[in-house]
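When the chains are written out, they are named A, B, C, D, E and F in that same order, and each has its own residue count from 1.
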């Protein structure tokens, strides 16, 4: 269960309106790697977690914080859209041609659909969807197959990725504006994404130590291991040879196959048999 | 440019048809973390890469291999669908009630739309889409902002995640069947996903060493660093306190904030001004 | 900003597992009218609201409650999936044919992707997306055009609809199970959806009284009013004539047009002019 | 079955081309609340209706009219796109910088994909989809559960919402242009949306009178009624207290809970049991 | 403008309910190649057409007919869903195990969302969307570039494809049932799809005769014609050599390139320049 | 299995950067009819094909070539985005107002998400998805129903359509730029699309000769043939009468029905029976 405080977690007020920046900030709200993705992934993973309380709790803490980030960015976007001219302004444009840039570059749905507030989309207006979310479940203690360590570690790796991609985008957004109010909020998000990267990396390393670095840990005897450390060269670039004879994180050595051959057959699926249908009238 | 060999990279032939398993294998083909996602992410990243030849090449090698995996799984699905009764079989059902299970559980579009071959969807028939793909670009040598190291490392982390999530799902698929032909192919995929995890982890570690562990590396002086190593406790679980005073991978120590307070204001966006529109007729 | 309590708002524990019911409950979680839609619509509307504190607050209260409902239903689904056989069970099926029903009717992604926990989809596995959400903005005090009353009232009407559609579906779900644990949770949701319907109806009526029943209120002098109270009969059914001479909620009388005629021209858009392009080489 | 008249229902011809306005009008055609949504919702509801002829007929009348609105807006968009320069016009831009605005703000797919005619998308090019449509079925006479009144009333509420959201957007579109031809069509749509709001409100009120205001009407004895009239205060705003002791539309009084407590348990789903799988080889 | 007749274009009544067949028929309603796709493609093309009245009219005639087909299939699905047990029926299942098949194979949203009527989706519940529709515009008389013939012919080819794919699926549906009522409707659809294939083929042939077989007709002098009749052999199959020296429909002869070489350079995009950003603070 | 050559199939280098043209080229990459659609349709059809080696091979050859086209266009887009100013450039804009056009018209995700390289979307940022792909299966030798000829021919017709729509769009793109580097690549694509149209037309004609022109060929005795050659006039246009008495490609004559009547009943689906549910508690 949740409770809401009206005050924001951190400042989210620009020095002045800027509808183009509002559009760009939609990426941090409703893009593939935006705050909605963090919020729903961490909450879902936290609710699904049945294992170590430590990991369950940090997932729920962080997921709950992300709702506040969704709130902050939504607020910032609304401030940035204040005074945006959504109605026709022919005479004003003649006086100030920079309005033309705004007319061409603003998201028309900001005014038309959302009344100059944030939508839950990316800057191109694509609806955020849960195809961006990852939560692979509660099989934590499935000791027989130990699929476990796999899925929790796999989700932690997703979370590190989410925070990394998001911090790259927030960095790019930072350089796209000089508004000190916008930058103030972005500096806070940068810091929190540092923390979230580091905490999930910490969890990831603990899990790697416990279950092994390859996810999931218990399938290594089952796989066709003769292909598990081979760099296969399917293109004419020479760069990947640099990995040859290097030691992989699991302690084994990479080999290099210059010219990997097809080992399977040419497939021969048969046409659908007509005999099957001989009771049709 | 690409060339195609008709023989498969590895065996992809089941011992016998099984349309329910065919449906499940669609996850490895057209699901969020399936082979289509690997193929288009690595190829896109490889084509976008302008930096170290080593990384560009391993991306293109691996992306090219993934097309072969798309081919293998498509072939396997077509074999598994052979002889599936898509037409009404009332009398046959009476003789063999297990056909009823097939009737209820088979993807109806396998027969109706794809003529008993694979579709490019997940097991629930959701179309694969490029919202699953990640490729964050060629800013590799952007020395001033060094956004660089960030985006290449962020993409490598995505790739490790892709291979981890995929290997968890392939492990689950392995346990969902006893067909030795299907298992043979899955054992090969497990091995290749081991290799791909390890090679991307290797690249990731090299990049972390060069640019720092927090992505992107050059924003640490800009961020509000007083919040960059603080575990904030937004839920009443006590588990996340376990991280307190631990050393993060960047060498600094995590602190713990039991009761994080709202530091921002209550937002007061103003209603859209009517003055703006005073030239309307 | 938000805080999370680990205890659920209300009981969400079934008497026994039932993976088919788990699948059906996905509608209440990630369907068009499910709790995700309520949560993100009310929070977005609340954050966008600049007007009467009363409405802003009830939107934020209710949006925050809906996060707890997302949590409850996610938990219930995980409980219902406990012990679901996702791996092949040929011998068990022979002993208990009802497992065949489960095999055919269960969402394969529950096991394969989510490790027997909830996904953020509907029962057919379609990803929830923000195309289901409505929030039309902060133009509340736009006195000149008074678009205002319109959009807040329009959003309240959406909210009443959301709670009505959701309560119809929860009622249907109630009759689809006899599990007293599941029913206990549904009885609570039914009650809350009563409250939410009634509170939004209350707000809606107040706004209708203030601004008029037709949304938005200030365009009535602009519209072509000769067509604003005419039932036009475009089909050969006779039922709609029953509205003739009845008094509409704005106090005017409906008229009936038996055979509405086309009043516009036959369109004659011209082909794209080739003159425009005469500087092409 | 349908017949088509080439003449439009009403005028749909602008005074002059305007490709930016063409893009904005896409909202009224292929947006979430555009005419496609009205058309397919009302037709689907009408075809599904088994009950009172009066409601079935007005749904089919209105759905049929909406096809004509889709036609009118498609025609208007094609007129507005006439003469749009989709080919490179460097020298023309030098003479008339306003072309630059057009180049930046026009939907590139209008020229490239649709040859300067309408697409079935919103202004950001998102494909219209049936996730926007609502039609909840024919259970009208299901007397035992009386789910009935619920779903028809719920659909009528959706229809009132559709017409309200659409009229807000058409009002905004009206103020975004001064073209008298465009405005003429919008004035007609405003009038029809008045009629459609009023007719669906009429139907809604009749149904509320017959079955009660809370949808569906027959679950009130089943729900946990102690929570059905309680305003729960989950945020620190004080506004929602204004509803306290007010009379809800069903005649009961709202109470106010200042600090709602979690009434459920902390969930303890168990990890997936490994015993289940002990027949794996 | 449109008018609606309540009587259906043709019979659409099954001999008995069959909810699995109802699910499969969704393909013909809301699948990629279903009637919605025909309806919206032909209407859009007809409204966009500015050229030969003959083609404009047949597009509008056929598009209007397709609305009636949407109506017929929606009706058939509702009939097929009559009496479907959507509520729990434990005791009935014990008496009739075939109900178990229905429970597993029925679309759960048919009951839960649509109250036992049709949804606008495919059998896997994927929402129909306008990404399936094609309408390429009104450049018919663009004589200078003659892009014209191209786009009208390209659309006619799409229409022939639509009717062909749809008729394949309707044929498959025909064999999936023995219900004479369902088959009666399908026999009618098969006939109409014959007519629609033949009429669009007729139009296609006339346009090919007028503008040439390669679309669009006027770019043949611009293209790099040395590559315009070469079968390039990118795979190790030998089958495509069979086209060698055959005469293409434009009268020229195909040649065969056994081993096509890469003619382009290795791409060398440069990293984003940092100089660009030297005004950042 | 596939191998990759780093050199491109053909030149893909512009004379100078142009981020607006980069955006437009996204249509040829990730639009409905772009190269991704060709690639995945032909490969899927080739893998599914069980029949004539000739057709299987040309599908795989062409599908493999299309991967190279995806590569070329991705490369071209990255070149066109070189030096695009994604960071704020207020002073530079003052010096060169044409930058304002770029700011408004560029895809913001090109810089923000993809670091100035291609995304797998259309110019409006809509994710490419497999709902654009067609592959109808391997029923080639299904002699009894001969559904066969149908689906292979239907897919060939799709392929001809794909190449036609794509060539129309590439022609439009050609006229949207004067950059000789871009045009050089487009001239090559135009030539290849000529070849692909002609080869698929050849295959289509052979299949028509073998199985008949109406797809699928073996349902003609089953359909209600009295409706299979009738032009039905559902609109008041007179154009379609021009087909009357013309000979269709199957040798039969079209007739014309001026005023087609509804032949079906008014549907009377019954409300869901309440008796079914009488075991509810």
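Definition applied: a residue touches a chain if its C-beta (ideal position, glycine included) is under 8 Å from a C-beta of that chain, and two chains touch if they have at least 3 such contacts.
Computed from a prediction, not measured in an experiment: that's the story for all the values here.
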item: Most remote chain, CA-based centroid, reference being subunit E; value: A
item: Reference subunit C; chain at largest CA-centroid distance; value: F
item: Same or different residue numbers at the subunit A/subunit F copy interface, by half rule; value: different
item: Between the pairs B-C and D-E, the one where more C-beta pairs touch; value: D-E
item: Subunit B-subunit D separation of Cα centroids, rounded to whole Å; value: 34
item: Interchain centroid distance [CA atoms averaged], subunit C/subunit E, Å; value: 30
item: Computed distance of Cα centres, subunit B from subunit A, in Å; value: 10
item: Shared interface positions of subunit D, touching two or more other chains; value: 1-9, 32, 47, 60-61, 64, 68, 75, 78, 87, 97, 100-101, 103-105, 113, 115-117, 121, 124-127, 129, 131, 136, 138-139, 145, 147, 151, 172, 175, 178, 234-235, 237, 262, 267, 269-270, 272-273, 277, 280
item: Residues on subunit E engaged by subunit B in the complex (per definition of touch); value: 20, 23-24, 27, 31-32, 97-98, 100-105, 122-126, 169, 172-173, 175-178, 234-237, 262, 267-272, 274, 277-278, 280
item: Complex contacts: residues of subunit D adjacent to subunit F; value: 1-6, 47, 50-51, 86-88, 90, 97, 100-101, 103-105, 107-109, 111-113, 121, 124-127, 138-145, 148
item: Touching residues on subunit F, where the partner in the complex is subunit B; value: 1-9, 30, 40, 43-44, 47-48, 60-61, 63-64, 67-68, 70-71, 74-75, 78, 113-121, 127-131, 133, 135-139, 147, 151
item: Touch list for subunit F against partner subunit E, complex; value: 5-13, 32-33, 52-58, 60-62, 64-65, 68, 72, 75, 78-79, 82-83, 85, 87, 89, 91-92, 115-117, 126, 129, 131-132, 134, 136, 145, 147, 150-151, 153-154, 157-158, 160-161, 163-165, 167-168, 171-172, 174-175, 187-188, 190-192, 194-195, 197-199, 201-202, 205, 213-216, 219-220, 222-235, 237-240, 242-243, 246, 248-250, 254, 260, 262-267, 269-270, 272-273, 276-277, 279-280
